[in-house]
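Consider the two complexes below, in which chain A is the common component and chain B and chain C are the respective partners.
And then the complex of A and B:
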């Protein structure tokens, strides 16, 4: 094979300068002529009947162009379960429920108008705990649904768990919980909607799913009685996604409805408070898990049941069990697996996709109990995992076909780089956890495809139109590298356009760590077509056999005869400006041959799987409960690093997101109300909190990936929490089973272990309440 | 955000008369890192903001060589205090506090005066200045008055300033010989973090460099205002400074605290941390006192 020129190189993101210098245009920067500003009025209650809404005073405010409530709009059903509407009718079910919306000539007028909308509520009893919500007599969040438990049967049983349980020499069982955390995108959400006179709709939106959003908006138009019109989705520069933009949201429909009513472009843009309180979180979980192994440490079964707090409505959070199944059935070799998840309505906020899509929650429970089981069996935790490690060629019990697998190597690298066996100081500990994730697309939708169109100009430059979405992760750069490599061009010769559904082909969305793999393969497919044509033309021009020619450094060259060469641009001009001239264009639609899950949830969801192991060394302050991370090693089998610099960026960012998840981040909901909708009290980690991270990369060269690559977008935050929790256990002997692992929880556990109460006194019958502090 | 008029007086008297003429509708602004946040949140809606940043004054802490007093001007930024070698060397407790406020960007604009006047229980700047026995100097049309900084704080967000009054500086009396001091903010992050608890300890030693001659233990977020744990201080005086006695002082200080549950921390944990941090800051203060057994009157 020819030496690589672009692929495998540490090339800075092609939009880095624009972003660093402020030239990049985000939704915040966009303004259309005549544009109005939309604002949303949210519920004052977590659960209440809407008795009456009086908008008359708001409508009279000068500058107000429209005030809408649920009564003014057609029934537009949103979300995977179609249980949500842009503006609520009859009832509110959470604090983030949209009750009214205003369009005005200036943002402050719109805000003022919201204060003039008078809503009369009749409060209803709320339900905030999913386990209570499952009980008979609990208030119903959706009366017509008859029960708070969603009719989504996440249930599988492969092999025979009960029989295996009887055989097991060692069994551990426990309960783990995870809570709400949020994406914290730097760019807040926003959309602009505009209708042309014929009612064709253009939506500028921060979305990770331009093609699916287009379809959702078309359905909304249909509900509005606007038939057979076009919808165009334009993405401005996106300031972070992490899954948050994987659905369409009330605010987007509200922008559309307001634009329709006012006949003017309308922008709805979230401020930071709204971004915290009115966007969806990661899916919180309650997990009951047991695992057992034989006397040699071979896993015999895994039995998991989960309760998911669905919140008041249903977005992709409720479908995260589909991805949780992957680690539950297939992280390590497990012959017998049972899994069941129930999604339960409550009056809390509702959850969405977030980096890892359920995998971090499941892996927290799995990898914590793996350590517990290793201890019960008296086997070193790394050795225990090695005994059970997946291997290339395995087909897991769920039917996942593992083509390449660097799991054992990842564990070995972590062990080595973390100096696992080094003597430890007091209260110092090491822990590790591994991951499996989809690395070759994920067939969760009917298509997992992505299209690409390439157009060559007269100067040897490429315009590439892709369905992919660059939301900061750097897919434009990676795609440009792949195409530049294939066509022998420089990366700056490739202009990637991904922003407009009018010109870009279809793509299912930027999710499941699939963009490098799927959009990369799509781009490669189109580039191969162009390459074939270029070689053909070159062969004719240079009067050489095609097999002797290569594309390199913007030229077509003869391998052996240095005299025989031509600039690609020159060749293109010759081809264009001649009799019966031609220009080079190509299209390619790549849809991986992965499988949708069957009724029993079996199926090879992804073309290939990414593996990784994270190891961490911590020091626990046993007086304060604070956990300090001394060193972190995150090793991944990525197939091939197309751009090692961007890859490391993904891993560093993922690890910091994971450490925040493990130790500090939490959306605090009190009876459904967001108590910390700001960066002061939402403890996302800062630049100064960044820990030393090593990100060793293993290249297993996957035959299906572009240049051998597998996806790596999400894995960085998947096994972080259990790795940290395992290290804490190693350091001070307490196992924290609830995220985040706050100093309070650690200190309480340390004291409980010593037989002390929270205040450090001997537990005794005489003064059980002594350390309760009177308010 | 509401529109406002921004006024830029060059002298204290000018600032005061601008304020007087506008009364309730006016608000002073220094770095604006509290006041602008409140305006954006709609908690304040002044028509006039009167900047204090252009009033001619010293821009870094300085020592009065006659009296040995340290002058910390209200309009000084946290960053200029942090960068002051004088503070770094001789008032480490103040350095401990200001160097961890917000971020460099915040410290470059935010002032110590704004921090004190804003008067939240979590104000990092208040604790060390109280522990150093600072006196607040307050200026108004009626002239200047001074008061103990400790008594300046009346309640959460409330301080003893009349309308239009300006805090001009905090003056710190000379320290006793063999004095050491330390402050720590307890939080979850390394930056951009309001303290869940702030603990400052100042200790002056007898000539044996062991017996406590004087102790000041000052706590933030442990009560509605910054306060001194007087019982704990009293306990230490005359005793040997060691981990055991400091732990006991910490326990007493914990009992003196009026901690409560909030989203930023639970009461039991805060109280426990008072104990731990009083001990740790005490040990640090001891170490610093020993290292600088000279102390006393400074010349720089």
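And then the complex of A and C:
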């Protein structure tokens, strides 16, 4: 075996120099000649009929080039359920509904013009609670659907849960809720649209799905009556993704429509308030869960029923139950599983994909009740999990094929590094939670593929065109490492181009922690083709048998004869500049053989699964309810760490996002209105909140992964909340079942346990309920 | 209304007319055309627009452009020396994984520089304090703090667990 030179190394991100020097260009930094600025007018009501819109005054403002309303545009349908339009017609269904849009020569003129658009509304009763929205007679968000419950059949039953329930020695059942949280990308959303004279469209957008966006925009052109034209999507540097850019949004279509109407490039760029109030959130969930085990602690069943607040429109958030199924059916060995999820329209903001894609919500309920069940059965929580741990070679009841599995090792290392059994001070506790996540692609779309093109130049350098999207996670670096390794080149010899659909092949998008695995395999496939050609040419040149040659340090070398070697660049030039010359190029499209879920939702959706265990030590202040994290260990089975430094970055970042989810983050909606659209009131963690995190990595070497790797983009934030909640229970004996676990909630629970209200008074006393926490 | 200001921009003397209502961020990005300084919120909450004025880290989105008169302004573009050699902090961010999406990086690096110029032996706690106003959503700050710490004179050797492997799988492809 040849020792690895690039793979497995702590190589800095290849775009880091540009980013450290301020050269990197984001959508905020792009300006096209003659560009206009688009601004959007949002609804003043959460639910209302649009009676009349008068744009005449706005249109007369000097500098305004176009004012559009829903009446001015064709029927462009957006979203997975096609229930949304770029500019609303007839009625608005949430505060973030786009009512009108303006293009002007300067941002402040566009903003001023919005103030001149006069909209007459007729308010309608709103519905903001998904459980109420399911009841008969509730106001309908979309009348044509006749019900607020989406017709999405998220329902499975494997085995016989009722029979297992009768056999169970121990059963726990409870209700858990999670609320809206949002991505908080540091770079806000934005797009520039430009038409050429023949109506070919170029869109600059910080999207995670360039290929699917291209298709969406082509459909929009079709709706606009622009047939048979080209769409080019260019990605500038992306200032953070985390799932927020997995769909196409009204602002992108609005930029397109304004550009079409003005025949000028138009940019729509969100300010921070818009970023908070007009981008999508993680799905809030209400989860009813019960789990049971036999007297020895073996899980017998898991029964989960869930209600998701879809908001007013449907984006990919409504399909998160497809991913929730994975932990529900397959985190630990469970022989009988039932799951049902209802996505319900409300007049709240609509939800989308966010790091973990439903898995954090589901794992919160599962891992909280795992601890509860362990306690009921009188078994140590780690031992209880070990008894039920997945193992390599398992096929889960949903049909997930577990090829490699380091779950037990992860638990053991967490136990060790957290010093689990160490004597604890008063109000100190430890908690643990594990995770399963797709680690080898996720077949949620018809294709899970990614293409790569490699072009060798005359100097031994590679231009690599990939469909993958780097939004900061470092996929371009990982891909370069894989290709450099395979071709015996240095990392700086590989130039990764991932920014332009005109030159980059198709990819389904940067989601599901799939890029290292899928785009990595695509790059590896193309590199293997180039390698084969290089070896062939080298064998001829060096007059040596091909199998004796290796690619190393920019040369083709004979394994045994040090004299026999040639620079790869020189070989390429010889091949090019000769009679009937050739240049080396290769393409490879990798589509994993994972399966779409069948009618009963069975199917091996990923080629491999990433496992991990998080453990946390907390100290709870029982006077204030404040939770302090003393130590955090996040262990993951990653197959192979292609770049340990970037991998740790994913874990640290994920854990800190997860701790925010657990303890501090919430979008506060008051009858659908965002009450905290700024960083003062929406609490993401700061540097002062950093906790000591260890991120041990287990390498199980997955046979299907590039150099054995599995995906690790999302797992960092998946089991964080239940690990914290379990630790709080261990510390002070209260179980918090609603996220975020605010000090108020902890304090209320501590006091309730003592028979006191939040203010510390006896519950029996007759006093008004000013001490009740508003949920 | 406008007024004339003189200041030193990344080491070069400048004289120009600025609008009374301009922010320093507007001056840097829109008028001077230096785009390394980012706007993350426009209201002093995120620190992405951090620049150094007379040695002090400031949110340029809250700083009136007119007040730059007679002062020295340093932006991320002025950090590397003329031949392109990066500042030690830039190198440290690159080499320690302190950069992911990169949107917060210029502001983060400038905040780190202002701290270390003032206090070359900053401790981890002092580093956390100095960048508490600079938000980052990607890194969880861990590698950012490590980056700044690696340049600070106050270095502590704390071994970190990097990886452990199962024996049977301890192989290279």
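By our rule, the second predicted complex is superposed on the first by the 764 of 775 C-alpha atoms of A that agree within 3 Å, B and C clash if a C-alpha of one lies under 4 Å from a C-alpha of the other, contacts with A are read in each partner's own complex, and residues count from 1 in each chain.
The rule is simple: a contact is a pair of C-beta atoms (placed from the backbone, for glycine too) under 8 Å apart; a residue touches a chain by one contact, two chains touch by 3 or more.
Note that the structure is a prediction, hence the values are computed from the model and not measured.
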Classify the contacts of A:74 with the two partner chains as first (chain B alone), second (chain C alone), both, or neither.
-> neither
State whether A:581 touches chain B only (first), chain C only (second), both chains, or neither.
-> neither
Which of chain B and chain C A:473 touches, first, second, both or neither | second
Go through the superposed model and pick first if A:153 touches only chain B, second if only chain C, both, or neither.
-> neither
Tell me which partner A:237 touches in the superposition: chain B (first), chain C (second), both or neither.
-> second
Thinking of the overlay built on chain A, is A:646 touched by chain B (first), by chain C (second), by both, or by neither?
-> second
Per-residue contact with chain A, leading partner among chain C and chain B = C
First (chain B), second (chain C), both or neither: which does A:686 touch?
-> both
Chain B and chain C footprints on chain A, overlapping residues = 679-680, 685-688
State the interface residues of chain A toward chain B in the complex, per the touch definition above.
-> 108, 623-624, 663-664, 668, 675-676, 679-681, 683, 685-689, 742-744, 747, 758-760, 771-773, 775
Residue positions on chain A within touch of chain C in the complex are 1-4, 7-8, 10, 12-13, 15-26, 28-29, 183-188, 237-242, 271-272, 406, 409, 413, 417, 471-474, 640-641, 644-646, 648-649, 652-657, 678-680, 684-688, 690, 693-701, 707-708
Chain A partner contacts - residues on chain C that touch it in the complex | 34-43, 45-46, 48, 75-77, 79-80, 86, 90-91, 93-97, 99-106, 109, 127-129, 131-145, 160-166, 169-173
Please name which positions on chain B make contact with chain A in the complex.
-> 1-2, 103, 186, 188-192, 194, 259-261, 263-269, 271-273, 276
